[in-house]
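Both complexes below contain subunit A, partnered by subunit B and then by subunit C.
Moving on to the complex of A and B:
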């Protein structure tokens, strides 16, 4: 029984390698293998810093995380309180400022969602997402 | 042997309801993993980001796993559906689910905002509680399947 189980397990682990390697070869030029790639609508912390005072930081994390710590002068704008926070954000926004949205890390979806809504619903032209999110900010300010 | 029992290769019999339950659980669990794997196969880079968000594995390892794990789920799910290598598939899927639950809980305790990516973008809006409830339900089904198979083997 145990021997049969080990044989089956080993076989399945090897069989799954075949399509996985095939797909990886197919994707080889479209994937960043050594570090996460910067998406088209993303900016790195260095790029955002280079824009200086022309950046309006938007914190898309939940209220409690914003209250704990945030980028200096960042405006809270999360989806939980979108209707309430959007007018306050628009009061701060001006056409000459680029908007950089962040959430907690690279793979949280909130920053991309807030950026999309700012582009599509509020009609803002220059909206970007911070690559790496709040963690990248902390890392860049050590 | 009568209508309510099922003859095994060794001449012993198993109640029909027991056999039926095993098939139903295997089909449901197999279908769930084929579905979950297929969603992730469609966007391996997004799944790589989800793995990276757990802050357990470095990106180069996570991105390679993002290509491998969905296929492992699909292959194991298919073998459950087709009734091949069921013990091996159940063992692998149980281990994967248990590791994933552990990683989710650890990430949460470390204050990481985890989007598990278990069902691709379809699960991105689920709360942490829902993620755990679904994962524990799947783990429970796998353990049930495991015990049904063990009982048959005895």
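Moving on to the complex of A and C:
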């Protein structure tokens, strides 16, 4: 009796495992239970793309990384040279463009800090952070 | 429980014991700094000692910010050996409380990763709020105010403001608190697009720059 029950339970588990594995393989690039949630001031690459030319991209990474490669037409604005770069950025800004700040990878806090300073110190109204950062942009442009 | 099962249980417990203690003992994993005005960087030293019986190898050091560079003298730590990880944080244009971390990866199974944290309070000689004022073309050219405040230990008694173009006028008056000044900025008219840099010079060796613009209204509407 107990042995039968165990056998049936094991069989059900195996049956459930087959579609679970299939789904994990099929959706491996789309869904991740480890992926950090999108924070309230963040936008995904899909949302930012949908805004088209009305986005002003801001690169919060260090100068050498910006020089190597960046989002086309992005403006450099990092905290290493904040006082120098901010006036240049403000010359480019216009009220019809949403600002999307990115840095490198999800662990980088620089984009959130730059976005916060643009909102609080410069008083800009529509400033967002790119969820997943530079890597998300690269991934979205493969 | 039969004898075999008991022996297996004891073996499992004994096997797990050495893994329960990390070999590297850290003096501190969090450090706090209060650099003085004008200092360019903060150097933090995280000291460790290998209190285990095996060599520990550092596999990776990763900083959460390009502004913090972590370094080691050597990757292998012999039993009983002491050493340190040096993290150099460049202040740049950062202000206020900053939290930076260095993630350490070792081959010690009891503690394969560890976060070393730096908390740095960067003083600000002068603060400006906001650093940018703007009007949309056709908007009524009402004056807008920029507030300048002296930081802790900084005394200013006078402030001069000039605009890079004559299309903006500026006036300075004292604020309600010590070391506070209110800069009123106003475009002469908002008929056309204008961009100006406002140079703010207090009687203190630091110059601030603010931006003033008259900009065409956006097609998406005003976000304000």
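One rule holds for everything that comes next: the second predicted complex is superposed on the first by the 108 of 142 C-alpha atoms of A that agree within 3 Å, B and C clash if a C-alpha of one lies under 4 Å from a C-alpha of the other, contacts with A are read in each partner's own complex, and residues count from 1 in each chain.
Simple rule for what comes next: a residue touches a chain if its C-beta (ideal position, glycine included) is under 8 Å from a C-beta of that chain, and two chains touch if they have at least 3 such contacts.
Source: prediction; values computed, not measured.
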| item | value |
| --- | --- |
| Which superposed partner A:90 touches (first subunit B, second subunit C, both, neither) | second |
| First, second, both or neither for A:109, with subunit B first and subunit C second | both |
| First (subunit B), second (subunit C), both or neither touched by A:5 | first |
| First, second, both or neither for A:126, with subunit B first and subunit C second | second |
| Contacts of A:16 with subunit B and subunit C, given as first, second, both or neither | first |
| Shared subunit A surface residues [contacts with subunit B and with subunit C] | 61, 65, 104, 107-110 |
| List of subunit A residues in touch with subunit B within their complex | 1, 4-5, 7-13, 15-17, 19-21, 23-24, 27, 30-37, 61, 65, 103-110 |
| Touch list for subunit C against partner subunit A, complex | 64-67, 90, 92-94, 99, 128-134, 136, 195, 197, 209, 211, 213, 215-220, 222-224 |
| Residues on subunit A engaged by subunit C in the complex (per definition of touch) | 54, 61-62, 65, 78-84, 86-87, 90-91, 94-98, 104, 107-110, 113, 120-126 |
| Touch list for subunit B against partner subunit A, complex | 41, 44-45, 48-50, 52-53, 55, 59-60, 63-64, 67-68, 70-72, 74-76, 79, 85, 87-89, 91-92, 112-113, 115, 117, 124, 153 |
